[in-house]
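You will see chain A twice below: alongside chain B first, and alongside chain C after that.
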Partner chain A sequence: MTLAPHQTSVQPVDTVTVSVDGIEVRVPKGMLIIRVAELMGIEIPRFCDHPLLDPVAACRMCLIEIDGQGQPQPACAQTVTDGMVIKTQRTSELAKEAQEGVMEFLLLNHPLDCPVCDKGGECPLQNQAMTVGRPEARFDEKRRTFPKPINVSAQILLDRERCVSCARCTRFADQIAGDPMLELLERGAQQQVGIGPDAPFDSYYSGNTIQICPVGALTSSLYRFRSRPFDLVSTPTACEHCASGCALRTDVRRGVITRRLAWDDPEVNEDWNCDKGRFAFLYTADGRVETPLVREDGRLRVASWPEALDTAAHGLAAARGRAGVLTGGRLTREDAYAYAKFARLALGTNDIDFRNRVSGDEEAQFLASMVAGRRLGPTYSDLDHAPLVLLAGLETEDESPIIFLRLRKAVRSHGLRVQAISAVRTRSLDKLQASWWACQPGNEAWALRQIIDGPQGADALAGLRQPGAVILIGERLAGVPGALSAAAALADATGAKLGWVPRRAGERGALDAGALPGLLPGGRQVTDEGARAQVAAVWGVRSDVLPSRIGRSSSQVIAAIRSDAARADADSEPAVQALLVAGLDVEDSPEAGAFRQALDEVPFLVAVSTHHNEVTERADVVFPSAVVAEKAGGFTDWEGRVRSFGPAIRESSSVADGRILAMVADVMEVPFGTGDVASLRAELDSLTPSTVTRAAAPQVASSAAPTPESGYALLATWRLLLDRGRLQEGEPHLAATARPTEAVMSRATANSLGVANAATVTLSTARGSVTLPLAIGDVADGAVWAPLNSEGCALLGIGATYGSVVRVTGGAR
Partner chain B sequence: MNPLTEQTRASMAEIIHRYPHKRSAIMPILHLAQSVQDEITPEGIAMVAEVLDLTTAEVNAVATFYTMYKRSPVGKHHIGICTNTLCALLGGDAVYDAVSERLGAGHNQTDVDGTFWLERIECQAACTHAPVMTVDWEFMDCQTPASAVEVIDRLARGEMVVSTRGPAIRDFQATEHTLAFPDDGLAGEGGEADAIMLAGLTVANQRGMSAPPATAQGA
Partner chain C sequence: MPELPPAVRGFGVTFKTMFKKVVTEQYPEQADRFPPKPRFHGRHQLNRWPDGLEKCVGCELCAWACPADAILVEGADNTDTERFSPGERYGRVYQINYLRCIFCGLCIEACPTRALTMTNVYELADDNRADLIFEKSELLAPLLPGMIAPPHSMVPGTTEKDYYAGQVSGSVPEQEPDGDAAIWFEKQGYKA
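So, the complex of A and B:
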């Protein structure tokens, strides 16, 4: 956990020679003594030291002796100098006595509640008290106590008497998260960690403080008193909530997840994760589809697996060539690949689309050209070393929180410049000291073109031409015509690395797996005969089995079903006879209404789902599938890095989507393979990444956002990290730390809309309205920001999305 | 309690302008908030955080560290009695006990009607005049239990009290305002150094003693 930072190239470094416990070593100049000792395998006890936090020497536990310096020195804050002679507790009586003294001091007021403390069993204080502490306490006075515990947020609880004032939590909040809402208060005899009056520690990263607390002072509402560490079975896993790709550890007790921790991956999430990744896992428990279901006389009833497989196989076989597959963005890469393969082999169609969101042809072409099947990169490490990062259509803290942490680290460590084309100057931009280029929603394409050839673009253009510069774009640019074309052109013109950051964990994997109408696995184009032959060879079929025409996107499939249903002529063959839908929620679709009707109207509907939802209730056959924690698989993060994991809940008998499809294919007598995760993974890995011929980048001209009439504004919106997403269900403490649901606009916009004095505003479309508290903030003039999917503000439900024109009216003050 | 107003905010802005970094202004600004509200309230912390672009936790950390910031109303007068070594040896504890009995209040407490706040204070660098009492941070030198209680009685009756070093006693909030704006013209109030303060210098002059000359290294 404490290796030196990753270096992309080997550079000579100045070294010094020091002696530790009589052993001479040569180490890089400027290294901390405690790190040198670690490299040598010498353990110096510590609490406040953390390799990713600035040294503070607060706990004094790591005192060691340095020749020539009379007093013991803290090893965590002293750097080595040439010729330094260091003696740790192993060889120095002075250091040993000093450490014993500090330990005795730290324990003076520490309660003896280890038997009921969450940390007991994995507690650095407990462990080090055993290794370096005195066997018996001499202190028999009354201990300092506090009322316990206090909430520093709805999720994070603080037992002040357990605290050893190491300041890890406060330094994390300030240095790493940029949310200095935790502080040491009442410094002196009553020193304690605390918050401002009525200002809870609602940081998106708050849970990390629990994990780095070296005692049991910080605990979570979710996990407190739930388990003992030694009763847990731990599995390394990957986070399913976004495309950041965090390594996690999932702890299970008797088949139930009790907690998740950030696991150390220096290349990706370092030691951190976000609160959604840490606390949002209770969705796995409730509302599950438990058995196969088959519709009979208009109602779903429980069915055996063989019956359900038979029914599905017959219905789908009858629809061969006229079936669509919608997979959503949540599947593992292996499962998405299974759908991509099933669509081509069993259904004879390219009508497959993972994009249950705003999307379009330009995006499909962009992804085919620039992203699908490509090798790793740009990476987190590229962000670490970049001189400039340009963000467009991406709010990092909400949409990919580990990218935010990495950018902040680079800003702090080497002055990375961040520039953002955004409708809103968000808190994260302030924390990154970013330059904000106010851009009305829908004008991103124009703004990107301005950098290339606009009069004010020269500075930015020069910045992006520096070696290592990176452009990061979010998935909502898919809804802005010309924006992805402009981003590709800008990367081309400057040589900057271009990263596409989708929001959902499964999107990049599904793209690489070929779950798109024009793409086979590895970015191969369905229209490319050679590419089809490569895939057919891996699948063990003749290449003319694979359909060669570009398929229909999700909106085209939905539209086709609707037009089938609208035709009075019942004799003609429907264009879509059957639909196979995987893990998605209808309400996430920008055309949810039409989607719902299409699900009602399609002649045959098969749902493979973990939970009961709007798809399963309309389906003819429903298969229960495993949630991420119950199966092996992998996600591909925004970098293109594969994050494989095994099942955390090993007791589960749930079946992954890939196996279900294999069983259906078996009944259909289609050669599919066993569909187990290992064989799917092996096939997929042989197909991606690839170096096949890519489609050309899209060249869609940019257009300006519409100018709203009086009383209307352009809507800027995205999903807050914590909102009413389905995978966050069942965790009220986490939900209570969400950011407020409010509409934000500039003072000038509020004035021109005549709502400057309003307490609330109502945003309306032809389909409905939402009413929200009004806040004045830094938003591009003419635009209003509101969360896409928060409690009381489900904008897709009123047909509004990024760039929509909405009517704005004021409520009474 | 007085509310914080736009005038308060404007005064804060005036203080901020004296510093190269906004956050450096936190201490005088907290004194300013205290001069208006007689204590540091959550409202005060929120306004200070807002004008300095800090979080309320950061302001809270400062406000809870320094003992001159109070988190309950001080009342009209702040009475500090030094009980550190020299003052204690020369009767500081006796002065404290007498005043405590007179006010019916202990350390960091107010009397029953909330007029006086009593506090054992740390060394005021006035050991020459021990034991010392401060009234709204103005010195009352060389106190006895009787003289200290008399000061309290006169303040309670609303009579004019003058520091042994010259300045007239106003009230706690007025002092807090001076701490926020030390250039309010009152800095030079009071007398010159007195004979006790200069005793050492006088002896040195009589005996022709002087400091050794500074060396080039400054050592």
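So, the complex of A and C:
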């Protein structure tokens, strides 16, 4: 385990000279003895010590001898001083005996559970009992027992007998996650980890405690009894669930994923990840498209690959120049690049868009000018060192959990100030001690402008002018006219670094790969002749082959299909003859109804999908593609950092999207290349620009949110980390730890809407309604918060999204 | 004494042997007459508790110990409605591949519950590979009188510790599986 380097440049440090087991070393002042020994390759046994948690010296396993101090001392809590003479168990009889004694005490009440304990085979207690414990047990009394496991949450089980009271889990919950729901209770032999009555450990980060528990006291419902370490083939991978970019490790037993762990990446997720990344992997099993399908007489039937490739190639070739490509935000960067290239070369169109969410032209321009093709930055390490971070339209815990952890770390370690422009004072803002700037949904643009030139903004403006300040904005601002323009202007005015944080793992990669109507790979603009020539050179085609007009966005493509269908005369050429859709979910679209109809109406529809869904149902040709665990690829996280990975399930024969497109292109006789990951990656990397002519930042004027009439409220909403998302399917234990589905508003709003005493409220639009329990909380007046896509609350389904005006009535309707 | 011709001398051995005890064992005709020694390492057996519950907890220690990688085990949770062993965990999948096994017996040494032992059965030949991978149903010990085929509950009022302490001596009527469990059991292909 290593720590993130805190200095980017090497700075001289004070050093001291100490001797460990007779070997003299010079080390930085203030280092813990256990770290010094680690650096020297001397292993001191330990349980409670963890480099990312504050020392507590709870387990006493690391006792060593320091010359001049009569008692053995804990190496994990003592820092080195000049001239210190340290003797570990290797050279000191005192240390050795002390450690043996501690181990004997730890084992007194430890159950003989190894055969049924998940930790068996990778257990620090087993290992250290063998290396530093006494060979014979002297204890033959009755052991203390506890009833077998208790649920500290739906997912996490606790076997109290196995606990060595190291307080790693409780310190993690308190210090790192800020969810202090786990606590050490009782004293003496009865000491045990526990939760409060009716207060389960429903932290988004709860799974990390399983990973750092040095014994098998904490286990997950999902992995319990599933396998042993020697059964597993482990592959380092990157998480497909969000744009935080966690490094993970996937463990596979005979072709089946059994668990995922956080992998150590000091630059990104340190040692942690969130529960979604850890536990949501069962979606890979069910509902998969297994073979190519072709529509015949109105019904899909199984087809051979050559037949499906032929059918798709003919249909798409006939639609050249009049085809659209919708890729969604879940593709790897290599696959997104394959679609971008396929659209231009095989379909002769720029009508490609990865945004299956609220989006717009202002956002496209913003992305082109501020984000696409840029190198790394701002980064996690910038957050670590920032004096001030301004959040707008971003709920970090739900939408990018590792950003939250990093901010919290900076808040704890050096008093980072966090300011948030948000409709809701969320739990995460409290945990970050953030100052909350209440802002009605839709008013973010106005609020950002206020910082630049408003009277209340002076303080924030001065804060953002400090070197290293960072502004983080969420993708939801795309739906607020002028907000992205204002954010860009604010960054420009203050010199603060501006980070755009999308939600899905593939969005940044798709942007850099050119899956947008106005952009080619590397942030090059389609209207720029020089840029087209560069891309054409890499693709090995003449540059006039590439279409030069800015294409249509996803909503424009959908609208064009709808108006084609509405036109009665069948003779005129349709504006969109064919649609190529990658694995996206129709219900994620803010205009799902129109999208569905467009899918029905478009003359030719090709779907490349891992799972059966609403798109494959309507398609003329369906290709089965590989899920992340079955293929190699990479995601680009919000920082712009590439997170490449290899296939975890090596025995899978599924094919990645890039290869499928290459096969289709081959039939169409379009020079596309082989479409394998290595060649796509090499091409994409060679298209990473040194210089690009960029679009100007958008300059859309900000407007205030509408003032809702009486009985109506502005809707603040986003997706909770754990919700109805497709990729979380099949894991009921995880779902049971989700936050409650409820509508939240301020007391004043509830009073003015006349629902203050109602147990439930109904939010309705012209298209439908949802009824939720009502909770009173810190929400901007005139606004109501509800989760966007949780069980019993699919707001997109009733046409409501962030900033919509909804009717609020008390009680069920 | 004059030397006999070598050809005749050779028959001396034959003649002497005619009066010795025969060591050739006629297999398979007289297999019964020559049982293996009691400690002979033969086919494995997965033992049961006196009430019929399985002893295996699915810990995989046998698989770990096996130098030939002949054993595959997958553990699973016992539930109140489907219990195969006392305690929380049982072996849902248990296979021994007799194409690989070298009958070293390290697996039975590793077994913490004495669930796995070896019988003296040595007739393990077949004409195809698949049949030499023995499933749990083939390895489980036969049901003796007083045993009920799992899944069924533990003896009411006992814990798994009582089983290990030898407090359970047989099944009781309350443990009789209801119809559902029996049907389920059959579906899993277990020979009762």
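Observations on the model:
Basically, the second predicted complex is superposed on the first by the 804 of 813 C-alpha atoms of A that agree within 3 Å, B and C clash if a C-alpha of one lies under 4 Å from a C-alpha of the other, contacts with A are read in each partner's own complex, and residues count from 1 in each chain.
The criterion applied here is as follows: a residue touches a chain if its C-beta (ideal position, glycine included) is under 8 Å from a C-beta of that chain, and two chains touch if they have at least 3 such contacts.
As the structure is a prediction and not an experimental result, all values here were calculated from the model.
The superposed arrangement places chain B and chain C next to each other on chain A without a clash.
When the two complexes are overlaid on their common chain A, residue A:G196 makes contact with chain B while staying clear of chain C. Put simply, the three-chain overlay gives an angle of 80° at chain A, taking C-alpha centres for chain B and chain C and rounding to the nearest 10. In the superposition on chain A, A:P180 makes contact with chain B only, while chain C stays out of contact range. Applying the stated contact rule after C-alpha superposition, one finds that A:G188 touches chain B and leaves chain C untouched.
Shared-chain residue A:P387: touches no atom of chain B or chain C.
With the two structures overlaid on their shared chain A, chain B and chain C come no closer than 26 Å at the level of C-alpha atoms. Listing the residues of chain C that touch chain A in their complex gives 57-61, 63-64, 74-77, 87-89, 112-113. Contact residues on chain B toward chain A in their complex (touch as defined above): 42, 45-46, 49, 54-61, 64-65. Residue ranges of chain A in contact with chain B, taken from their complex: 179-188, 194-199, 201. Of all residues in chain A, only 114-116, 120-121, 148-149, 224-228, 230-231 touch chain C in the complex they form.
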